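Both complexes shown next keep subunit A, but they swap its partner, so subunit B is in the first and subunit C is in the second.
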Partner chain A sequence: MIDILAEAARITALGECARRPARDAVNLPMINNWVEAIGDTNAVYVDEAAARVAGHPGLVAPPAMIQVWTMGGLHGQRASGDPLGQMIGVLDEAGFTSVVATNCEQTYHRYLGHGEQVTVSTRLGEVVGPKTTSLGEGWFVTTHNVWYAGDEPVAQMLFRVLKFRPGTAIPAPAADVLRPVISHDTAFFWAGTAAGELRIQQCTACGSLRHPPGPMCPSCGADKPDYVLAIGRGQVFSYVVHHHPAVPGKTLPFVVALVELNEGVRMIGELIDVDPASVQIGMPVELALTRIDDELTLPFWRPSRAAR
Partner chain B sequence: MSAAVIGIGQTAYSRASRRSEWSLAVEAIERALADCGVAPGDVDGLVRYSYDAVDEAMLVRSFGWRLRYYSQTGYGGLGAPAVLAQASAAVASGQARIVVCYRSLNGYSTTRYGRAERSLGCAGGEFVARGDRAPSGAFAGPYGLLSPGQVMAMWARRYQWEAGIAEQDLVRALSRVAIDQRAQAQRNPAAVMHGRPLNEDAYLAGRVIASPLRVFDLALETDGAAAVVVAAPDVARAVATPPVWITAAVVGMFAYAESISVYGELRNGPTYREIAERLFAEASVRPADLRAAMIYDATSVSVLLGMEAYGLAAPGTAWRAVLDHGIGDTAPVPVNTSGGHLSEAYVHGMNLVVEAVRQCRGSSSAQVERSGPVLVSSGPSAVVLSP
Partner chain C sequence: MSTRVAVGVELPELLVEATPTFVVSTALATRDFQDVHHDRDAAVARGSKDIFVNILTDTGLVQRFVTDWAGPGARVRSISIRLGVPCYAYDTLAFSGYVLELSGPDVTVAVVGRGQLGEHVTGTVVLTLAGAAP
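Showing the complex of A and B:
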């Protein structure tokens, strides 16, 4: 069992690691590539006259390139004494093998001129955990970098990563909705909405429609229901504009309508994309099947396009 | 006449009883028994609301009863007339001679019936929309249709449309219901809203809950209990209190007639009116003969719908009748004379039953001077009580 906090304390106690030099001095070819890639058109980085007009002694490097100068290149290896590398190793070993960067805050003390040779140091800051996150159980690791020109600090960075245990993510909280309890009698309805259909129960014997669904036909007593697909049009039979109290997941006021479908049955649904003051009984509406999440699609309604 | 209400009792009505519902039930029943002078040991039947947290086992233990009959009524507020119907049937069939009916709830401090949580299910620690009834069911809850008040706002909107009136007319009629019931509460010292009159400006300044309903259109939330004693004719004639006869009763149920449904017909519809006509035929009275009517008022619009269902106004006209005459002393048939659920207390209809008995006895705080029977109705359930 790895004592993550003890390891973190040990690495933190090492303080700032040895400074690592940049591969190249600050130079125009790298700057040209970078500003083109980023789309930075500021002339002070590429036009010496413009730089002088702006008050610089000559061409300067974009401050945000600071980390570029000390990157390891395509095949670069992290130095063995690097505190971030050490801490990541500890967490990898403890099973927190996945990583995502969460924070990067850079501070620039001055512009760098061409030809300057920078170095960078790293020290370990806070190691916080274990935390339950939406990605999984993990630790937040914060490091502090300082870039130097000679012994002069020219920039610094707070960098934080989340090292997490893969496969421990808590499912994203479902949309703030009251879930319908699905029964043997109603499963076909909800399977329908998920499939993009609005299903109305129909008696196989006499053909009459009914909603909400049930096991027996109230018209003829037959107990073999099937369903038909609603065309998804109807009109407002009645409605309520709800003002108070607040309802989870809803923005006040909201409109709930009792919709009389063209097929004849009535169905409750939220009326969306509508000014509550404009709703009227008899108003034509059309189906707006709304996917809430993987498990639930709700039939909502909106004013019919023809009427808008 | 096969059964009569002989005793009534109620606790204080408040928003903070600081007592158990069990304790409230015991007090209301003790008062009802004391009212008619029946010894607690003589009770042999009990009818309660299925919703009541105080059950038969608790009460037989408290009172030492040996019951021969007990039963329950479903669907909440539909139980107000239904408990009397069952008690009457139990007495008429000889299964019991003295039946207690009660309702006890800490409707503010424990169970708030207007809240969605009551009717939602629970799964994995989360609320879920179960069943298919609205509000709160699988086909309603996900849209935020969660409370009785919202459903009754839909009724109100539909009523406005069917009556062919402007929202302004509907709101004036609803406000008149709320204001008149509040005025009756000023005459009833037991009413929660005693001392707190309401005028139209204050009504209109009330918060909109679910338009077109405002806060004053909705029933109160009350801690309290009420009880009545129903007995066979020989018992009724032997006690000191004047008997109030249960002359007709109906406990109706048909598709979507359960409490607070959004489907089916509006509660002034033809099936409701047929039920009412049969009830009045059995009671041998006409709606116009009524002394008063207690119409279950979960919201103000229920009063308009109930007036039309039970023949106090033609369909689509109760709003006009209310604007013309109100529902108080100047109405042809005064409604909810104690202040009702909007202003006396919300005891799930039992306080309306108690007030109906008071009207029959001549002891209401808003006593209607003329004689005649009294209606107690709640959707498809109703009784006619006669002195």
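Showing the complex of A and C:
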């Protein structure tokens, strides 16, 4: 059993590693390749006159290229003392063999001119885990880099990766939407929406309708519910306009209404195809079943198109 | 430019077609030779749907998006990004952003790059506009 936190503390204590030089000095061919691929047409990187007009002493490198100069390259090997390499080795050994970058925070102290030779140092920052993520169980590893021109720091970066155990991912929902928790009590309702029906729970003993669904009748206490089909019409009993915070899959603002069905029960649902400012209590609405994916159909509501 | 800058001002949208050629050429131009950025078989074997855009390219795209708006006289001071869902080959990234904060000569811009799976990259860029400072 590897003590990941102890290993992290050991590597962190090593501090900043020896500076590693860039393969090449800052140069126009690599900048040209980069601006062509990224599609960046800023002239200060490729047109000396434009660079001078913009106040630079000559051609400059794109700041966002800082990490490019010191990448390991096609056959790159990490130096044995490299803190990130060491920490990755520890996590590989512990079974967290996959890696994905999650954060990159770069600060540029100045622009680099062509011909400048940079070096980079690395030190290990926080190592946090184990965390359950959408990719699987893993550890977040933060490193701090400083780039130097001679002894002058010219840029710095916080870089965070997730080292995770492959095959432990939680399956993500098929669509970008909040999904209901479907229980034994509510399964009939969601099976109904998927079948194109809006089902209202009904007590088989006293016949009263109820929503939201539950195991026992609030009127008589019987525990043998069935359901009836709603015709899908009602009116706005109350509503809120949601402005904040953001909700997955939703464009703000949106309207959440408590709809009183013609059958008498009330249901909460999003009111769509409506200007939030025009919603009124008592407004007639109709059901708008919306298929999200094979598993889920959500009941939305929209202003009634039928004359009343 | 500076007269048009106020908190809340939105930047012009930027659409980037993440073709396989784009994914591969940006990975190589950033000297990132990880196979998941140029070899679909390897990417699929590692559990991805396809090759995907690397993080160095995201930093570059965010810089491009902001300087396209700010002009060649601007100075980029910092770029902070956080990655969300992957951007696989054949996706299209839509970058949007707005002025989040004004502080002395510095402007902070909030940026989001969305693909068909959702938010691929979010972040902030601090820059100094032309004429605001040396």
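In this section, the second predicted complex is superposed on the first by the 172 of 308 C-alpha atoms of A that agree within 3 Å, B and C clash if a C-alpha of one lies under 4 Å from a C-alpha of the other, contacts with A are read in each partner's own complex, and residues count from 1 in each chain.
Keep in mind that, in the parts below, contacts are C-beta pairs under 8 Å (C-beta built on N, C-alpha and C of every residue); 3 or more make two chains touch, one makes a residue touch a chain.
On a predicted model such as this, the values are computed, not experimentally measured, just so you know.
Student: Once chain A of both complexes is superposed, is A:101 in touch with subunit B (first), subunit C (second), both, or neither?
Tutor: second
Student: Contacts for A:13 in the overlay, against subunit B (first) and subunit C (second): which applies, first, second, both or neither?
Tutor: In the superposition, A:13 touches no partner, neither subunit B nor subunit C.
Student: So subunit A touches subunit B in one structure and subunit C in the other; where do those two contact lists coincide?
Tutor: No residue sits in both footprints.
Student: Can you list the residues on subunit B that touch subunit A in the complex?
Tutor: Result: residues 116, 120-121, 123, 126-132, 134, 137-146, 150-151, 153-155, 157-158, 161, 207-211, 255, 262-263 of subunit B touch subunit A.
Student: Please give the residue numbers of subunit A that touch subunit C in the complex, ascending.
Tutor: It is residues 30, 33-34, 36-44, 50, 53-55, 62-65, 67-68, 71-74, 76, 98, 100-108, 111, 166-167, 169, 176, 248 of subunit A that touch subunit C.
Student: Using the touch rule from the top, collect the residues of subunit C that touch subunit A in their complex.
Tutor: Residue positions touching the partner: 16, 22, 25-26, 28-33, 46-47, 54-64, 67-68, 72-73, 75-83, 117-118, 130, 134.
Student: Which residues of subunit A touch subunit B in the complex?
Tutor: 177-183, 185-186, 211-214, 218, 237-244, 247, 249-250, 253-254, 256, 258, 266-270, 276, 281-282, 296, 298, 300
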